[in-house]
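Right after this note come the structures.
Across the two complexes that follow, subunit A remains constant while its partner is subunit B and subsequently subunit C.
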Partner chain A sequence: MANSTSEESLQDKKTRQKENSRLKELATKPEFGIFIALILLSIFFSIMTGRFFTVRNFFGVLRQTSTIGIMAIAMTILITSQEFDLSVGSVYALNAVIAGLLVRDLGINIWFAAVICLGVAVVIGIINGLITVKFGIPSFIVTLGTMMLFRGFALVLSDGWPISGLPDSSFYRVFGGRVWMIPMQAVWFVIIAIIGYIILQKSKFGYKVYATGGNREAAELSGINTDRVKIIGFILTAGAATISALTALGYLGSISPTQGEGFELMVIAASVVGGTNLFGGAGTILGTFLGASIIGVVRNGLVLMGTGAYWQRAMIGLVIVVAVIVNVQIAKQRKQRST
Partner chain B sequence: MKRGLICALIFTFSLALLFGGLSAEVVQAEEDYSFTLVAHSSAIAFWRPVQRGMEDAADQLGVEVTFTGPAEMDHAEQVSIIESLIIGEEDGIATTLTDPSAYDGIVREALDDGIPIVAFNADAPDNDRMAFIGQDEFSAGQELAYEIMEYLGEEGNIVLTTEAPGHTALEERIDGAESVLEDYDYEIDLLDTTTDLTTALETIMDYYEGNPDVDGWFGVSATATEAGVHAVEHLGVAGEVLAGGFDLTPDTLAGIQDGYAQFTIDQHPYLQGYYAVHALYLYNEYGIQPVDIDTGGGIIDADNVDLVIDLADDGYR
Partner chain C sequence: MSENILEFQNITKRFGGTVALNDVSFSVKKGQTTGLIGENGAGKSTLVKICDGIHQPDRGQLIFKGQPQKIRNPKQAEELGISVVHQELPLCYNMSVMDNIFLGPNLPGGLFFPDKKFMKKKTDELFARLNVSIDPRKSIAGCSIGERQLVMIAKAISKNAQLIIMDEPTSALSPAEVSVLYDVIETLEEEGMTFIFISHRLEEVIKVSQEVCVLKDGEFVGKLSKEETNQQKMIKMMVGRDVKYIDKLENDNISQDTILKVEDLNSKKLGLQNISFELKKGEILGFAGLRGSGRTETIKAIIGFAEKDSGDIYIEGQKAKINSPSDAIKKGIGYLTEERKGLGLFFNFNIKSNLGILELDKLSKFGLVQRKKIDRLAQVYQDKLDIKLRSINQNISELSGGNQQKVLLSRWLSSQPKILILDEPTRGIDVGTKTEIRRLIMELAREGYSIILISSEMLEVMNIADRILVFSGGRITGELSHEEATEEKIMNSAIAEF
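Take a look at the complex of A and B:
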């Protein structure tokens, strides 16, 4: 009798241990901390307002997050390779202005204009990247300069005037419309996130990105062309800024040369909240997706609660700081355990 | 791991405590209507009397009001805020419409959901909003031109300063002013000051360096006007270069008192907040359709600045 009970409890113990280790394994995932933070915030807002936890609001938040989120996906790849791109907000405006002018003044089909803008994005990425790697100037400074340069171009080209009233096209439904309840901007966000995941975490290029950001010399020694890796990273951020601008144009149907001012810092914040290491070498797309969502959830939740404009800013700042603290703590624990 | 979780728990808990305090009022007044005013660049001093008017109306009517909006003009963010308010089934929304078409979709969405939505302060005429409460911008621009001609006569070399190029209301003011001045011998330059006062001041002072024969600068918006007043003071050109423009920020009024500026045009922002809340209330309570209200006011200059300066200090003008 006594024997069988102890056997049972031994088995119990084993399964419990197994479950425990599974939980531990989950907890060692870098995205775990940020996921918990997102859940806690969502619970908090669900308690505070009955409007938060609805299907409609879920898609609303996802749509609102997409503009910053799409750029943050590419920014994560770039930061992981140890570079920054502060010009994304300006590229977001410049390429929208270019698309608008091509359609309005030259009568070019908006789909074709979108393709041209993506081409411009590649050129912009190469400019940012080449100046950074060939002259050895920190990308923080290079893109600070190009940020102002491209913003100036956007203002000059548009004469500082918004562009709207463009002819109707399927473009607006594909980029900014809605399928049933689902906003297309949210769909694009998810698509870009999946592409970003494949690039960073499943491809050979992604491996090179981690290697470049982790230890550049070692990466060079093992035959990786780190300059090339970084330049491609800059092309990705400029490209993502352009796609984000196209989805915003699809939704709003209007372009303003001042749009996206200050976005660069929100984009970097979303990436860092999601666990991306500011000094390169570590970052995940899922983390960034969750990080952008946290900022989106706070913004939306505060509006639903009827919080005034000035508090909203302060709260988003607070959430960024606390989320990063939680993240760093978890990363430290993980490091301690692994050593 | 544990420490991380504890950190996270403490974070949520402290947030809950913080908002418990912040939202106490909201919970109290839940049996009444809840309205929100959304402004395009909520961080500037101009909105203070709007908020005062909004709060006074809310007190009188016993409704709950919130003032919000992106810190700097950004259509996508402002639309997102309105979208959240619609999802939150707000009883009424008043918003500025600073783009001719960017708000068309979201305003229709509100109306389709049965949420009354009016424009205040800045309007897009082709938008479906139920009414516009604010100054008729084109005629306000003409008024600016007539006032400039009071001082300069039929010829002059002037700068119009704007803090948000493309902002529908401000562009209409510029168009209004140009429509009058183009019949006379005027050289007009346009200058973008941004909404940052320091940048605005430096921009205008730099302009003076390059164009010392300018007769005056006139802002079509609050920050641009205020910066022009400061520029006259800093450059020590009072009397040589005229300054004036729009809105009653404290520094602009003090400048008129001290002789650094000649005049400013009052659009009665207090009324914009006050009537917006009333319009939404009357629609909810009695089904009265909101109507356009022109809040355009008069000229404030050396003759009457003493009368309004105390009221402006208190946030009424």
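Take a look at the complex of A and C:
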């Protein structure tokens, strides 16, 4: 009898130890810090306003975050390969305008128009990528240029006017509708995040992305075509910007040629807050998902608290800087522990 | 007894005017280790780069396994079975051991996903072959340098390498790691692997090699078999005799006063241990030793460019606190860097600005730089050092290396330092200007400058310096007067082990 109880307690201990070590392992994950920050912010807003901690608002935040978040997923892959894409905000507008015009002026089915837009995105990605790798110009500059170029195209094509009054289609329900109470935009965000996770962290291509960003010369010497890796990265960001634009179109039903201005920096911020290294080689999709969510939560929480729009901007900026400082400190500590 | 796996036939390689390799011919036997030794600049690295296709020989050919080969890039070398383990290991530090081993266009696995189980199993097998234990899932960032090297060797054998060239593999290893490396080499030799082992540590070369080949000034000097190798013989072959002699100007200006005194300088980061020395007023003190032996590192610690753990510095008997190069300049220490391009010149500036940058305060009024003053300063030094230029408003990049060096030297002279430290002042400079600068250094000492001269060229130190300190492994391992210094004595101290 006495024996069996002591055995039981031993087993208890073992399981407890196991749980303990699992918790410790979790704590070493790079996303752990950002996850804790997200929880703390959520608790703060739940205390400050009763409207924050509701199922409805949860999905609302996820929906609002999706526009930036979808782009941030692809941006994380690109930044990990050591490149940037500042043109995502403009591609977000340009492809929406193209879709709108195809439907309104040429009477093309909106589903078909969406496919054409994705084709345009591939071409845009190749243009950004080829200029960057073939001419050896920093992508920061290349995409700064194409950002203005594509914004210009969007304004020229639409003559600066918003596009609305498009015929009804199942498209709007698939991209912008709701399933039970879940907004489709949020669903797409999660789907893209899962796909991004598989591409970056599970696939062979993802390995090459980490290698390219970690040590380009070593990757080249191992026979990896780093140029191709980067070009594919640019295609992914342009593609993600387009999918994001389609979900926005699905939700709003209308298009503005000036939509998405300034998004590129929010997208990069979401990725960096999520622990992506600006100099390449390190970044995770879960981190970016949480990073984008932090920005989303802060904005949403401040709105619910009735904070003015100007203050919102300032606070989001502050959160970005603090989050990055915390991330860098955690990374430093981890490095010290490992050596 | 055994066949040759690699033969160099009359390899010649020029870079501009300098001959890096001149008609080098020798062979490497299969299934054993061949040591390759020579001073800095003897042509070892160039030879290695020809083997892995980074350079192509101007004349001569490379015979690998009986076939003449033209190797155009490292990838082609790898396909042939030649792998080079450089000092700088091309690894992705953000990835794991096994990721790095299989890094390449075709990771194992299906179309889309890599087969991690297979990678781990294979990596375990590779390490078992090497008889070492490293966790394949460990991050490269968390590996020691020795482990990283073993990863590179494992990667090489995973790609069916038949010849592995190791460039200074032991210079950053702990003694325990070195013996692991020996064991790995021995294990692989038994499998029939061939190694070329390049090192400055002659004892190690003797230990691992069946044959030792010696290069000097880009020429093949000879080959020693295992029985013939001993340190004295090897040193003699490495340094040989040299006809390029520089006349020493008598320096009877050396005072008894100590201008700089360094006491028990230590730095873990720079690898310096117990560095103590004195510099007399008006003296030229030579720092000899191999690259990375602590010469430049000592200076960096003195001028506060790198952190030191302990040690005191006295200037003219006064204890000096120097925390940054700017402190050092204020205290009267001028340091001409060995990296002229990286740490010396501003390539976006013209000649006079490069020259006058130290003395901006004196050259300006109300914060504005006075053109007349800076022009005059540039003129003075152009005449004094005979700098060959079209105009002092020319961009610095248009000058030859020798004249760029003169501009840098003028920069430091213009601040009239009490102590002038010259780090490799004649590296990468044409012969004529070399002689000019060497003369100038001796003349400066006569004028009363106290000079520390760091140089990898033994003859330069021997012939110019009044006294020589030899560095090895972050310590001072020898002190020689001008009269007693010979190349062999310096080399003996420079490769001293402890």
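Structural remarks
Just so we're on the same page, the second predicted complex is superposed on the first by the 318 of 339 C-alpha atoms of A that agree within 3 Å, B and C clash if a C-alpha of one lies under 4 Å from a C-alpha of the other, contacts with A are read in each partner's own complex, and residues count from 1 in each chain.
In this text, a residue touches a chain if its C-beta (ideal position, glycine included) is under 8 Å from a C-beta of that chain, and two chains touch if they have at least 3 such contacts.
Here the structure is a predicted model, which is why all the values come from computation and not from measurement.
In this superposed model built on subunit A, subunit B and subunit C occupy separate space and fit side by side.
Applying the stated contact rule after C-alpha superposition, one finds that A:165 touches subunit B and leaves subunit C untouched. In the superposition on chain A, A:194 makes contact with neither subunit B nor subunit C. By the touch criterion defined above, A:219 lies against subunit C but remains apart from subunit B after alignment on the C-alpha atoms of chain A.
By the touch criterion stated above, A:211 is placed in contact with subunit C alone, subunit B being left untouched. In the superposed pair of complexes, A:203 makes contact with subunit C only, with no contact to subunit B. Rounded to the nearest 10, the angle at the Cα centre of subunit A between subunit B and subunit C in the chain-A superposition is 120°. In the overlay built on the shared chain, the residue A:281 is in contact with subunit C alone; subunit B does not reach it. With both structures placed on the common chain, the touch criterion links A:148 to neither subunit B nor subunit C. Between subunit B and subunit C the least C-alpha distance in the superposed model amounts to 18 Å.
Interface of subunit C with subunit A (complex): residues 74-75, 90-95, 99-100, 103-105, 107, 109, 112-114, 139, 141-142. Every residue of subunit B that touches subunit A in the complex is listed here, in rising order: 1-5, 7-9, 11-12, 15-16, 19, 22-23, 26, 34, 36, 39, 42-43, 64, 66-76, 79-81, 83-85, 87-89, 99-102, 104-105, 164-166, 171, 192. By the touch criterion given at the top, residues 24, 27, 33, 36-37, 40-41, 43-44, 47-49, 51, 54, 56-57, 60, 63-64, 67, 155, 158-162, 164-165, 248, 251-254, 256-262, 299-300, 303-313, 322, 325-326, 329-330, 333-334 of subunit A touch subunit B in their complex.
The part of subunit A that touches subunit C in the complex is made up of residues 202-205, 207, 210-211, 213-215, 217-219, 221-225, 281-282, 335, 338-339.
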